[in-house]
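Next come two complexes built around chain A: one with chain B, the other with chain C.
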Partner chain A sequence: MKYEYTILPFRFDHFSNEEYLLTNDVGEYIFLKNADFEKFVTHELDSKSDLFYDLASKQIATTDKVEDVVKMLATKFRTKKSILRDFTSLHMVVPTLRCNSSCIYCQVKRHEKSDHSADMTKKTAKNIVKCIFDGPSPYIKIEFQGGDPSIDFEMVKYIIEEAEWVNLFKKRDLSFVICTNLTLLTPDMVKYLKKHKCDISTSLDGPKDLHDTNRPLQDKKLDHHEIFEKNVKMVRDIWGDADCVSALMTTSKYSLGRYKEIIDEYIRLGFNNIFLRSLNPYGFASEYKEKVAYPIEEFIENFKEGLDYIIEINKKGTFFVEGFAALLLKRILTPFATGFVDLQSPAGVGIAGAIYDYDGSVYVADEGRMLARFKNYYFKLGNVNENTFQEMFNGKLLHEIIENSCTECLPGCADCVFQPYCGADPVRNYSVQGDVVGHRPTNEMCIKTKAIIHYLMEKLHEGDPETIKIFWSWIK
Partner chain B sequence: MANLEFPINVIDGNKLKISFDLKLYSKEAITATCYKYTGKYYIHESCEENTVSILFESKDKSDISQTVVKEFCNNLIDQEIRHNINKDFGYIRDLIVEEAFKPVNK
Partner chain C sequence: MKQIHANILNIEDTILGKITLTGKNIFGRKDYILVQGEQELCPSGYAATITNMVYIKGNRPIAGGVDLKEFHEGDVVTINKEGEITFLYEIESTSNAIFATGRCNHRCIMCPQPPVVHEEDMTPFNMKLISLFDKKTKEVGITGGEPTLIGDKLFDLIKQIKKYTPKAAISILSNGVKFADRDYAMKLALCNCYDLQIDIPIFSDVAELHNEIVGANTFYKTVQGLYNLALFGTKIGIRVVIHKKTYKRLPQLADYIYHNFPFVCNVAFMQMETIGMAEENIHDLWIDPYDYNKQLVEAIEILRSRGMQAAIYNAQLCVLPEQIRDTAVQSISEWKDIYLDTCEGCKLKEQCGGFFASNKKYHSSHIKKI
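After this line comes the complex of A and B, so read on.
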């Protein structure tokens, strides 16, 4: 018997041998047994059954007027894409390429501490601030990167104060963050950062031996991990808030099999979240791939083990978040937009974030800057000393990149069941696969993201009430 | 039942050819299915009247098992369902996007 109902746009795939997973453009999802799926798509599913009501509540089918459901879906869709409304808000600035570390996976051609050839000038800094405020976004976050920006702290101060001055007239929601290995921070510098509400983001790769293997200081006599631990405490003591400093980890091949120790070290040092991050293929990491890299499948297995361990820790009463899972869960479980530049559709490159190099060159993303170190300037939008904001951010190049980074119409993404939760990374596609569109069947980022979303979906489908409660606590 | 086999025309260990009837499957669904296999195989499509023939050649020169072709057949059915649903109801997605961006188009 055929039933009268309208099937609304959805994507599907086999989730297991017994079930299909269905999702729609606004991120709603449902699991259907194979037989039910067949009935549904052939209009043989009873439109008065509980299962049909479930599908209708997810706006995957309807017996109502299509126009009414379209209005509802459009509102949700607009919310999901609201990240586009404000345009570029994350502005990464590189005051210097000097650094006192020699990380084994370093993406930047760092300069020695005494080599001032890659320091930003005040003229360039002033033009960068002007360019940033020429943008339309009501939110402006200036993130200092390097090298290690704390080496040229005078330039960091100059940019902060210039931005605060300009903002007296522009009145944007202005914030700062400095990315540093912490080792060069003094109490006076921290007091300055606190006064100017500049958050601190640092890197922690795990216990002492691992952290020092991945991120040795150039001065071999110094103990990186020991200084790090001492300075984390100093920063928190001055700030009076344990959350004033956040940390990022990078997985080298030495990190594999050690996620539990890494997570334990984060907790020991008072952090309440971690972002289990795979190595990216840019810069030195791809030059010395065999020394630090690993098959993506190994990362995925480590990620799953790490996530399980974190869930167990939460179950024992310690609130601790895995950042990538939290981001994806927010996309899966809520209608809200999430501002993660590396996984947006259209891609966040240029239109959500951009990076300003020490010489004033502007790139769509940090990884575009890495490519430029190897004389590939494909992702360079221009230079603040020569070009206007309009020329760079409304130019042909950025339009072309964005047009080719909408997962809704990319081959292999358009009909992927995980499309509503995923995004495009045209810089990575170009760097690894030769063009901004990329080739999904061999794309490691695609393999990784799909595997992780699938794993989260398994957890949601298992429905362990404690796990679900923990997931919700992560996205609040 | 023992004689029932998938219509595979094996040319060589690392190459094989399979044909599909265009009365059953759309060209779009066939090509979309082929795309998923382009990571491991070189693929060539040719068409004669109502038949599309697909030539697979494994990139690493390894032999192609029959399981690959059976999976291809199942994937093709999924792809055909996607194609049909999109053909019948895809216009609703256009309506949603149009409605969603109405405020900025005013």
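After this line comes the complex of A and C, so read on.
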């Protein structure tokens, strides 16, 4: 018997041998047994059955007027994409390329501590701030990168104060964050950062031997991990709040197989979240590939183990979040928008984040700046000393990049069941695969992200109530 | 509403007035009804006099033979020619409401108050009624029927409430259909009430099932209404009455609300009041509240984990599983709230919502003393 109903747009794929996974544009999902799926798509599913009601509830099919349902889908879609409304809010600024570290996977052409050739001038800094505030976003976050920006702290202070001054008139929701290895921070600097509400973002790769292997200081006599631990404590004491400093980890070849120790180290040092991050294949990383890189499959296995371990820790009563899982879960489980510059559609390059180099050059993403080191200026929007905000952020180049970075229409993404949860990274596609569109079947980021979403979906489908509760606690 | 019966004299048209026990200055008496004990004389100038004396006489409007303890300074009552004294406003109640109209564009199968088809405009009376409310009133409801059927006069009522009871939170019960008209939603927002909430029922995550319950094809209008109200930042609550036709999909409904209306400030699950249409359709509707606990717990947990506020109205604590007892609200108006004999000596009686007087006949078979 045939039943009357309208099937609305959805994506699907085999999830296991027995089941299909269906998702729609707004991120609603449902698992269907193979036989039910067949029935559903051939109009043989009883439109008064509970299963059909579940599909209707998620707006994958309907017996109502299609226009009515599409109106609701449109509202939900607008909500999911609402971050686009604000335009660029993350502005990364590089006050200097000087650094006192020599991390094995560094992507930046770092300069010695005494080499001032890559320091920002006040004129450039002023123009950067002007350019940032020429943008329309009601939220502005200025993130100091480097080098290690704490080496040229005077320039950091200059930019903070210039931005605060301009903001007296522009009245945006302004915030700052500084990315530093912490080793050069003094109590006075921390007090200044606290006063100006500049959060601190740092790097921690794991226990002492691993951290020091991945992130040695240039001065070999100094003990990086020890100074790090001491300074984390100093920062928190001054701030009076453990959340003022957050840490990022990068996985090198030496980190594989050691996720439990890394996670334990994060907990020991008082952090309540970690972002298990794979290596970027740019810059030095590809030059020294055999030294630090690894097949993406190994990362995926490590990630799964790490995630399981973190879930166990939560079950034992310690609140601890894995950031990448939390981001994806928010996309899978909630109706809300999630900005994440490296994984959104359209891509976040230029329209969610942009980076301003020491010389005033503006790139759509940090990796665009890395490419420029190899004399490839494809992702350079212009220079604040020569170009206006309009020329750079509403120019032909950015339009072209964005048009080619919507997963809704990219080959291999458009029909992927995980499309609503994923995003495009045109810069990585370009640098690894030669063009902004990229080639999904051989794309490591695609392989990684799909594997991780699949793993999370398995957990959601298993439905262990304790795990689900933990997931929701991460999202809030 | 509380009603008591009195012997009356000289009352032809219904009299509306505010109760005073202490008396008022002779120039300010016309809106007042004087309540007095054993006195032969009725002072002049009052809209009426109420007394406990059974034998009443004289040529002024008077109602007698009532228990004076029922009256409090500031209550507002009507007295009609049948001798019914109706309390339209009770100073000690927190659930005073304006009955905007008896008409409705829905025909809900469990409606406790079946709508009327024709009626005269109640707004002038309501405007007068509101003007008699105590200035310190903390909460005023607007209910019906479907209050939006009086059109823009609804906003007159709201403005009147704001004028005479500036501190009152206003709560409107509506099916939301009218707000599918964006201008109408905007007009509500333009009333500029800081503390106004509109509560709207959604009975199912499936349009067809919702429409079957409300007896009209309006699901998507209500949805559009919710969107329009949210667009103008109006506070919205969602109400779900639980019965045989709604209980099965409560968890799916909770998830649906989160995914489609995450902007609502609370979701209330309500035990059914078994009066009116509900009583007539009782065989299609009745399910022992104990038997839907599984779905109710799941729905509440879904909302709670997603950071949404959930509440259970009209439920008895002994029937609810312990894990969701804290979401139960004492929601039944004082005048129709009762307890059973079984409830005597129950430890939770103080916190418990009790029963609708009408539920004496239909209630869970799992009521027990705790």
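Observations on the structure shown:
What we mean here is this: the second predicted complex is superposed on the first by the 476 of 476 C-alpha atoms of A that agree within 3 Å, B and C clash if a C-alpha of one lies under 4 Å from a C-alpha of the other, contacts with A are read in each partner's own complex, and residues count from 1 in each chain.
Operating definition for what follows: contacts are C-beta pairs under 8 Å (C-beta built on N, C-alpha and C of every residue); 3 or more make two chains touch, one makes a residue touch a chain.
Since the model is a prediction, treat every value here as computed from it, not as a measurement.
In the superposition on chain A, A:P9 contacts chain B only, with no contact to chain C. By the touch criterion stated above, A:K71 is placed in contact with chain B and with chain C alike. Of the two partner chains placed by superposition, only chain C is touched by A:T63; chain B is not.
Once chain A of one complex is fitted onto chain A of the other, the partner contacts of A:D25 are limited to chain B, with no touch recorded for chain C.
In the superposed model, A:V41 makes contact with chain B only, not with chain C.
In the superposed pair of complexes, A:K448 makes contact with neither chain B nor chain C.
Comparing which residues of chain A touch chain B with which touch chain C, the overlap comprises 71, 75.
Of all residues in chain A, only 6-14, 25, 41, 66, 70-71, 73-75, 77-78, 81, 411-412, 415, 439-442 touch chain B in the complex they form. Residues 28, 50, 53-54, 56-57, 62-65, 68, 71-72, 75-76, 334-336, 468-469, 472, 476 of chain A are the ones that touch chain C when the two sit in their complex. The part of chain C that touches chain A in the complex is made up of residues 205-209, 219-220, 223-224, 227, 248-249, 252, 255-256, 258-260, 262, 305-307.
Contacts from chain B toward chain A in the complex involve residues 32, 35-40, 78-79, 81-82, 85-86, 88-90, 92-93, 95-103.
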